[in-house]
Amino acid sequence: MAKTDHAEHLAMPQDDRRRTSVVDTPAFAEHGPLVDHKVPQAEVVQQEPDLAWSRIRHYLREPFSEFFGVFILILFGDGVVAQVVLSNGEKGDYQSISWGWGLGVMLGVYSSGISGAHLNPAVTLANCIFRKFPWRKFPGYMLAQVLGAMAASAIVYANYKSAIDLFEGGPGIRTVGLETSTAGIFCTYPAPFMTKTGQFFSEFIASTLLMFLIYALKDDGNIGAGPLTPLCLFFVIFGIGACFGWETGYAINLARDFGPRLVSYMIGYGHEVWSAGGYYFWVPMVSPFCGCVFGGWLYDTFLFTGESPINTPYMGLQRLVQPKRSVWSNTYGDNKV
Amino acid sequence: MAKTDHAEHLAMPQDDRRRTSVVDTPAFAEHGPLVDHKVPQAEVVQQEPDLAWSRIRHYLREPFSEFFGVFILILFGDGVVAQVVLSNGEKGDYQSISWGWGLGVMLGVYSSGISGAHLNPAVTLANCIFRKFPWRKFPGYMLAQVLGAMAASAIVYANYKSAIDLFEGGPGIRTVGLETSTAGIFCTYPAPFMTKTGQFFSEFIASTLLMFLIYALKDDGNIGAGPLTPLCLFFVIFGIGACFGWETGYAINLARDFGPRLVSYMIGYGHEVWSAGGYYFWVPMVSPFCGCVFGGWLYDTFLFTGESPINTPYMGLQRLVQPKRSVWSNTYGDNKV
Amino acid sequence: MAKTDHAEHLAMPQDDRRRTSVVDTPAFAEHGPLVDHKVPQAEVVQQEPDLAWSRIRHYLREPFSEFFGVFILILFGDGVVAQVVLSNGEKGDYQSISWGWGLGVMLGVYSSGISGAHLNPAVTLANCIFRKFPWRKFPGYMLAQVLGAMAASAIVYANYKSAIDLFEGGPGIRTVGLETSTAGIFCTYPAPFMTKTGQFFSEFIASTLLMFLIYALKDDGNIGAGPLTPLCLFFVIFGIGACFGWETGYAINLARDFGPRLVSYMIGYGHEVWSAGGYYFWVPMVSPFCGCVFGGWLYDTFLFTGESPINTPYMGLQRLVQPKRSVWSNTYGDNKV
Amino acid sequence: MAKTDHAEHLAMPQDDRRRTSVVDTPAFAEHGPLVDHKVPQAEVVQQEPDLAWSRIRHYLREPFSEFFGVFILILFGDGVVAQVVLSNGEKGDYQSISWGWGLGVMLGVYSSGISGAHLNPAVTLANCIFRKFPWRKFPGYMLAQVLGAMAASAIVYANYKSAIDLFEGGPGIRTVGLETSTAGIFCTYPAPFMTKTGQFFSEFIASTLLMFLIYALKDDGNIGAGPLTPLCLFFVIFGIGACFGWETGYAINLARDFGPRLVSYMIGYGHEVWSAGGYYFWVPMVSPFCGCVFGGWLYDTFLFTGESPINTPYMGLQRLVQPKRSVWSNTYGDNKV
C-alpha cells in the first residue's frame, strides 16, 4: 500500500536519527542488532576516500576494538594495584582497587563498542554458545584480548619501574610472594589458605555471576540497562571485587590474567609466576570459561525468553551436528539455526 | 477518519519501537503497566517452539524471577560481609559493606524485572495493599524470596568455608557473638546496647524509608527516576546502611534475614542464631512489614495523587468487604476496585 | 494548511507520550514549565472521588512536598553523622558523611518534585529573584522546610537515644563541644581556629557554588543534566562536603541548620547550642541567603541566556517598583514581567 | 517530491523538540554540531532586549564559559586537597582527592557546555588538530582557562588562609616540600624518586588516556556516552587519579597546574614553586600537549571512522599547506577541508 510505504518512509529516518543521536547503544549487543549496525559502518568507509589504511583498518576493526578495550581495562586495573601496593597504601586502599577495575571495565567497554565489548574470551565463548556469535571469530578475539592485556601491563611496568625498584629493594630485583614482592601488580595469586578446589570454585562463582548479570543487563525482556549498561558493569565488577575478590583476586578472565602473567615472566619475575600457589596459573585460564558458560546457561534456562539454544528444540544441538555456514559467519546466508 | 487511522498506524509501531529499544522499564511497575507488559511476553512464548520447559517456565516465571533477584542480592550482600569480616578488614571496610548491599539490590532488581523486582516480602505486602498487586501471589513471592536467600547464603558459605575455619579457629567450630564469630556474615544481630523497643524502632524507620522512597522513585506524578530507578535504589540502600545500619544491621527484609539465618542454623551455628540479642530473630521478620506498610501509607497519604486506596472513598476498605476476583487475580476481569 | 494540521495532529500525542513515559522531569523546573505541569495534576484530582482529604492535600501539596523533601534529607544527613560519631568511626568515616548528605539531597529531591524540590530557603529566595518563583510562596516554603528538618532530627534523636546516652556517659547528659559531645549530630559547629569572617566566607562560597551549579545543571542552553539532575546534585553536595566541608560543616541551608539546632535545644543540649563558636548559629542562617543570591547572579550574568532579570532592561527592577499580581502569584494573569 | 517534503516537514519540528527536551547534549561536541547549535543561541539573544551587557557577553560567551568551567574544576580540586592536607587526613583521604577532582571535572563540564567544555588547553589543541576546532580560538580558550584556574586557586587560598597559617606554623610562613608545606594544595609536585623521563612519561600516559577516552565517549560510531558523558568523565578522572596519580599528581592540564602555581608564587611560596623537583614545573605544561595529541591520534587511527585528518588523504596536511578561511573560522565559508 502506498500509505504503508509512506509510513515506512517517514518512520525510517526518524528511527535512524533517534538511534544514533539519543541513547541507543546498538554496538553493545553481540547478536543480530550488532550485525545490522555494522553494515552502515561499512558503507561509511566506502564513502570515505579510498585510503589503504582505511581498508586495512576496516578488515581488522574488530580485533583492534577488542585490543584497545582490554588495553584500557588493564591500564586502569594493573595501574591501580601498582599505585596501592607501591605507595604502601598511602595513595589508595582496597576500595581503590575495586574502583580501578570497575571503571577499567566500564571505560574499556566504551572504547570497544565496535566489536561488542567482550573484553574477555570467556564472554566471547558464552556469546558463541548462547547468542550466535560466529565461532570463526573466537580465535581472533581471544588473541586480540591477550595482546591488549600484554601491551597495557608492559606500559604499567614501564611507568612504575622506578617505584618497583624502590619497593623490591634494588634495580632488577623482581620477586613473587614475599612481603616486598610486586608480581601481584600484574596478575592474580591466591590467598595462601585456599585449596585447589576452593580456588577453582571461587573463580567459577565470580565468572558465573559476571555472565549471568551481563545477560540480565542486556535482556530487553527484563528491565534491561540500555545505555546505562557500561555504568552497571562498573557496579558488577566493583561488586565481584568487594564480595568475591579476596581469595583468588577475581581474574575471571584469561586475557586479564594470562597476558600480564606472561609479561611479568618476560620481565624477569622468574618461574614462580607459574609455580606460585601450587601452579595456580591455569585456574584463571580454565575456570572463567566454565563459569561464564554456566552463568549464561543459568540465565537462559530460568529467565531468558528470547532466541537462545535453551529455547530451541534439542537445545539447538543439531546446530553442531549439521553446521551451516551461518554458524561460522555472519556475512552470508541466514542467521537462523 | 482515515487521517486518524493513518496517524495511529504511523504512531503505534514508532511508540512500540521506542518503548522496547530506548529506556522504558515497564517491568519495574507492579501495577497495571506490568500486566500489559506480560501479555506480549506470553505471546512470544507461544511463537517459540512448543517446548515442555518453556511451558513450565512460563508458569513459574515470576517465582523464578524473585528467586534469582534475591539470590543475586544475598550473594553480593553476604559475600561482602564475609570478605570484610574474614579478612579482618584488609579487603574492605564498613564502606564496602554499604557498597555490597547497595549494588546487590541494584543488580538483583535488574535480574528480576519479570516479577516486578520486589526482592522483599514487605515490599510485596505494601504493593498488595497500595498498588493492587494480587494477594494470591503473595505466598509464592515470599517463598521464592526466602528460597533465593537460602540458596545464595549456602553458596557464600561454601565459597568461604576454608576462611571461616581459619577465622573461627578450626574446622567445624561455628559460633555466634564472640570476637571470632562468623554468624554475622549470614544474618543480622543487634548492637549490644539496644533495647527490644529500640531494635524494633530502628528496623521500622529503615523499612519506612525504604518503602517511602521506592514509591517516590516510581511516581510519575513526582520527578520519577524512570530508567535510573535501579541506580537510585543503590543510593537508597547505601544510605540506609550508612545512616541507620549500625544498631540492627538493617535487615529490613524477612527473606534477607530469615533465609540465611535458617541456613546458618542448618550449617551448625547452633541455637544461638535464634536466641542471640534476646531472641532478636523475630524483629527483622515482623518490623519490616509494619515499616513498609507505614512508609507506603505515608507516601500515598501526603504525596501520591495516582490510584491508591488512600485516594479512594473509605480508603478502599470495601475491597476487603466485598472481594472481587480482581483483588486476587490480574488475569481475568477488570482491575478497577 | 491541512498538511500542517495533520502534522500537528500526528506530532502532539507522540510528544505527549514521550514526555510522560521517558525521562522528562518537568517538576524540577521552578519557573514556567512547573506551572504547566501542575495544571494536569489539578485535573487529576478533580477526576478523583471528591474526598475531603484530597481537597485539603491539594491545597497543601507544595508545603507537604517541601516538608518531606527536607525530612528525607535530614533523616539521612543527621543519621549518618550520628552513626559515624556514636560508633567512634567504626561504622563509617568522613567519606560516609559526604555520601549521606549527598544522597540525602538526591533522594529528598526525588521525594519533592511536586514543589520544585528547593529543600533550602536560600534556593527558594534565589528562585524568587531570578526565576520568577512567586514571592507569596516564600514563607510557606521556608516554614515547611524548617518543620521537615525538625521532625527528621527528632526521629534521628529517638532512634539513637540509647547510643547517645552511652556516648555522653549517662542518660540525660547532653553536651556541646567536648570530646564526648553529640550536639554535632544535629547542626553544624565551626572548627575552633575560624574567625567570624572566615566562617561567613566559607559558608558563602559553598552556597555560591551550590546555586551556581543548580542553575548550570538546569540550564537547557548549557549542557543541562535533565533527568540526571538529582544524581548530579549528589555530586554537588558530595563535592562541597569534601572540598569546603571542614571549616564550618557546610550547612548552606537555614532549614538544615536552624531546625535541628532548635530541636537539640528543646532536647536539652542547653544554651551552648546558640553560644558555641562565638554565637556561630546565625552564620548558617544568613550566609546561605547571601551566597545563593550571589551564585544565581553570577550564573545569570555570565552564562545564562534565558529569561532572567539580568537579561532584562534595568535588571527587571521595575518589577519591584510596579508589582503586578504575577509577581506574587502563578495562578492568575500573565507571567511576563 | 512532495512526499519527501512532507516527511521533512513532519520530521523537523519533532526532531527539534526531542533535541532540546530530552537528553541531547549538543554543546559538548566541539565540531560541526556545536556550530549548528550556536546559531539558535545567537537568535535568542537577538530576540532579547538589546542590552549592552547581552551584546558584550554574546561576544565573550566562549571565554566566559571556559573560565567558569575551569573555575569550578579548580575550586573543587584544589579545595579537596586543601581540606585533606590541612586537616591531617581527618576530613578526607586519598579517595576524597580522587572524588574531588573527578566531580570537579564533571561539574565544570556541566558549567561550560557553551564553549564545548574543553577545560584544558591540550584538549583544545587536540580538537584543533583532529576535530576541526578553529585554530584562531586556541589562544582565547587557553587564556580563559588559565585565568579561571588562577581565580579559583586564589579563592581556595582565601578560604583556607587561617588553616594554612596553623598548618605551616605561623602567619606568613609558606613553604614547599617540607612535612608542613602547603604548596601541594595548589599545583603538583612529583614524588622524590622520579627521574625527569619518568615524570614526563607518567604525565604523557595519563594525558593520552584522557584524550583517547574523551574521543571514545563522544564517538557515535562507538557506543558513545551521550548525555552520560560528564558522568563518565568523572570516572575517567577518578581512574587516572587512582591508577596514575601518585608519581606526578596527574596535572594533565597546563591551566590546572600553571595557573595555580603562578598564584602560589604570587602569594609568597617563593622561588621553590618553580625549582622544586628539578624544575619540574615545565613538565605538566608540555607533556599534556604531547599526550593529548598522541591520544587523539591513537583513537582516530585505530577506531574512529568519522571525519578526521587520519581518514583524509595525506592526513589532511594540505590543510596546513593551503589554509582556507575555514581552518581559522567557523563563521563564514564551508567547513570542509
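Lettered A, B, C and D in written order, each chain numbered from 1.
Keep this in mind: a contact is a pair of C-beta atoms (placed from the backbone, for glycine too) under 8 Å apart; a residue touches a chain by one contact, two chains touch by 3 or more.
Keep in mind the model is a prediction, meaning the values are calculated, not measured.
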Min route length, chain touch network, chain A to chain C, equals 2
Same or different for chain C and chain D, where same means more than half of the interface numbers show up on both copies?
-> different
What whole-Å value do you get for the distance between chain B and chain D if each is reduced to the mean of its CA atoms?
-> 42
Whole-Å distance, chain A centre to chain B centre, using C-alpha means?
-> 30
Touching at least 2 other chains, the residues of chain D are 10, 14, 18, 22-23, 95, 227-228, 231
How is the touch graph of the chains shaped: line, ring, star, complete or other?
-> ring
In the complex, chain D residues that touch chain C = 6, 9-10, 13-14, 17-18, 20-23, 25, 27-28, 41, 44-45, 48-49, 51, 53-54, 57, 61, 64-65, 68, 72, 75-77, 79-80, 82-83, 86-87, 90-93, 95-96, 99-100, 103-104, 106-107, 109-114, 117, 155, 158-163, 166, 227-228, 230-231, 234
Mind pulling up the chain B residues that touch chain C in the complex?
-> 3-4, 7, 10-11, 14-15, 18-19, 22-24, 94-95, 98, 191, 193-195, 198, 201-202, 205, 209, 212-213, 216-217, 220-228, 231-232, 235-236, 238-239, 242-247, 301-303, 305-306, 310-313
